[in-house]
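Multiple structures follow.
Note that subunit A is present in both complexes that follow, paired respectively with subunit B and with subunit C.
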Partner chain A sequence: MKAFTTLLWLEYRRSWVWGTALIGSLAFWAWGLNQVNVRDIGEQLGIRAGLLGIAAALGGLVLCFMIGRIRSETRQGQYQILLLTPPAGYVHVAARYVFALAVAVLYFVGIGGLAWWIVAQTGLSLDAGTVAQLVLVCPFYGIGGILIPLLSWTLLLMIFVSAYRISGSGWIPGTVMILGSPLVIRWYSDWLIHISYTLPGWRLFEGVRTLIASTSWGAEVDTSGVTALVVPQEPLWGMLLLALVMLVIAGRIWQEVEG
Partner chain B sequence: MTQAFLIVMRILVLVLLGYWGYRLWTGTISWTSRGLSALFVGVLAWQVIGGGF
Partner chain C sequence: MLARLDDVTKLYGRNEGLRDFTIAFPKGEVVGVLGLNGSGKSTMLKLLAGLLFPTSGRVTVFDGPPRTNRARIGYLGENDALYAWMMPKDAERFMAGLYDDFDSIRYRELLDVLEVPRRKTKAMSKGERGRLRLAMAMARDVKLYLLDEPLAGIDLLSREKILTSLVREWHTDETIFLSTHEVAEAESLFDRVLFLRQGRLALDANAEALRAEGKSVVATFREVLS
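Moving on to the complex of A and B:
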């Protein structure tokens, strides 16, 4: 446990600028959202949701760069500090991953908060359950289904490439993994889609139509297409399982190469 | 002509993948990395020969 906390502290020292900049960028996005002054409520919400989508995508990209900075550390010699440390490879991987995940949770819950803010600006007063779904459930579903596997994949890619740094053929494993992964993911996601809704789906935003109708502009909007969102559980569990498998493989490679 | 060209291209890509597979097998001391390499090279080769799942 001491090794883990030490490595987590090391990770914090190494990446706090990235994390702070990323979370701080939410202020920029809030400013950007506030600049959208379109009169039509639907159009306004659409533009703002698009901006939040861009913020989420860029945040994911920054987190991937943050977690995958193993090659640069190798080149600058910082990696040698880790090479001489006795903890298992799994502990190194876990520390790096936990820090990135903590930053991701803060960032995406912040985006959920911004989503609540833009909805509130339209005059729609959400109940506590809907707010919790918007600020917590949606970000965590997105983190679990997309970001966690993406971060695991990035970490595995960089550790896999690092396993070949002695032979100097790092571009071959990188190329093979980048080309092969979409095929594997396609087959895996086809299977996940096939088994979706085998378990009961999670119903979100059930009372939104009633809430829209209660607003001053509710009568002007066609709410016939607004229904509860039923999200399947299986893709989330499947992607979390995939992420865990990738992390275990990454830890194992680290152990074999550095151990 | 086109069919023959495609067959030749596929054989060349398979040869390249075979070479990469050899480099990946001999370029590391990690057996897990070798296994992962075999998986990805196998998936790419399977795609090149037109296999599907």
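Moving on to the complex of A and C:
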């Protein structure tokens, strides 16, 4: 445990600027959302939701860059002072991953908070359960289903490439993995879609239609398409499993390289 | 035996790092690993540290493969690979957190003896960083230290401080491998000297025996390797 907390501290010292900048960028997005001045409520929500989508995508990209900064860790193909440290490669990978995940949770819960804010600005007063779904459940579903496997993939890619850098042929595993991953992901996601809703789906935002109807502008909006969102469990569990497998492989490679 | 290499060959592609290397090391020696550039000094130390696998032959440290005993080996690599933001107190936290045998009191004493400034490594000179790295390595309580070029590129006064602290810190049950080009300055430290030439062991000599014959290590170095 001491080794893990030390490596976590090291990760914080290495990457705090990235994490702080990312979380601080939420203030910029809040400012940007506030600049949207469209009278039509539906259009206003659409533009703001689009901006939040961009914020989420850029945030994911920054997190991938942050966790993938392996190259700066190596000199002449060898890791810096981590070289020969007794903790297993899995501990190194876990510390790096946990720090990135902590930043991701803060950032995406912040995005969820901004979503709540823009909804509240329309005059829609959400109940506690819906707020929790918007601020916590949706971000965590997105983190679990997309970001967690994406971060694992990035970490695995960079460690895989670094493992071969000492012999100067890091581009070969990099190319193989980048070209091969879409095929694997396509096959895997097809399978996940195929098995979706085998387990009961999670129902979200069930009361939103009623809430919209109760607002001053509710009568002007066509709510026939607003229904409860039923999200499947299987893709989340499937992607978490895939992420875990990739992390185990990354840890094993680190173990082999660093010894 | 503390460590041994049995018929070890290490190839880097077509280039030879070491060739047909067989040698054993008992406990409690200061071993000078000497040779010209590319003679195989770093390769030998990395093999002992478990950073490299031999192409053929076997390396044994503490009666096992080096990798399984890495927690018992103190290795100071030739590369200056400290984080730029790291201060001596950060280095202490790092080492104490990852190495159970790290002695913080000894580390602070070494920082004082080696006169390491308490500032970020990016604001330190090469000599100061070298002294910090040595303090980090020598504050561990291990029986085998592998020091690869700790004096390289470091000014005279820093070299003297490093060598003085090596003498001061060495205990008779510890074995130190010191690879260096500063043969004249370090020769008084050595109990045993290995002269490497083009990946082969040119001479394995007892330093005291050399001195008894009226030869210095420097003179032998010139004689064997020139």
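Definition applied: the second predicted complex is superposed on the first by the 255 of 259 C-alpha atoms of A that agree within 3 Å, B and C clash if a C-alpha of one lies under 4 Å from a C-alpha of the other, contacts with A are read in each partner's own complex, and residues count from 1 in each chain.
The rule is short, and it goes like this: contacts are C-beta pairs under 8 Å (C-beta built on N, C-alpha and C of every residue); 3 or more make two chains touch, one makes a residue touch a chain.
Predicted model, so just to flag it, every value in this text is computed and none were measured.
Of the two partner chains placed by the overlay, only subunit C lies in contact with A:Pro87; subunit B stays clear of it. Using the contact criterion defined above for the overlaid structures, shared-chain residue A:Ile249 touches subunit B, although it does not reach subunit C.
Once the two complexes are laid over each other on the shared chain, residue contacts for A:Met177 go to subunit B alone; subunit C is not touched.
Judged by the touch definition given at the top, the superposed model places A:Trp9 against subunit C, while subunit B stays out of reach. Judged by the touch definition given at the top, the superposed model places A:Tyr164 against subunit B, while subunit C stays out of reach.
Comparing which residues of subunit A touch subunit B with which touch subunit C, the overlap is empty.
Subunit A meets subunit C in the complex at residues 2-3, 5-7, 9-10, 13-14, 75-76, 78-81, 83-87, 259. Interface of subunit C with subunit A (complex): residues 49-51, 67, 70-71, 73, 75, 77, 79, 81-83, 85, 90, 93-94, 96-100, 136. By the touch criterion given at the top, residues 20, 23-24, 26-33, 36-37, 39-41, 43-44, 47, 53 of subunit B touch subunit A in their complex.
Within the complex formed with subunit B, the residues of subunit A that make contact are 160, 163-164, 166-167, 169, 172-173, 175-177, 179-181, 183-184, 187, 190, 249, 252-253, 256-257.
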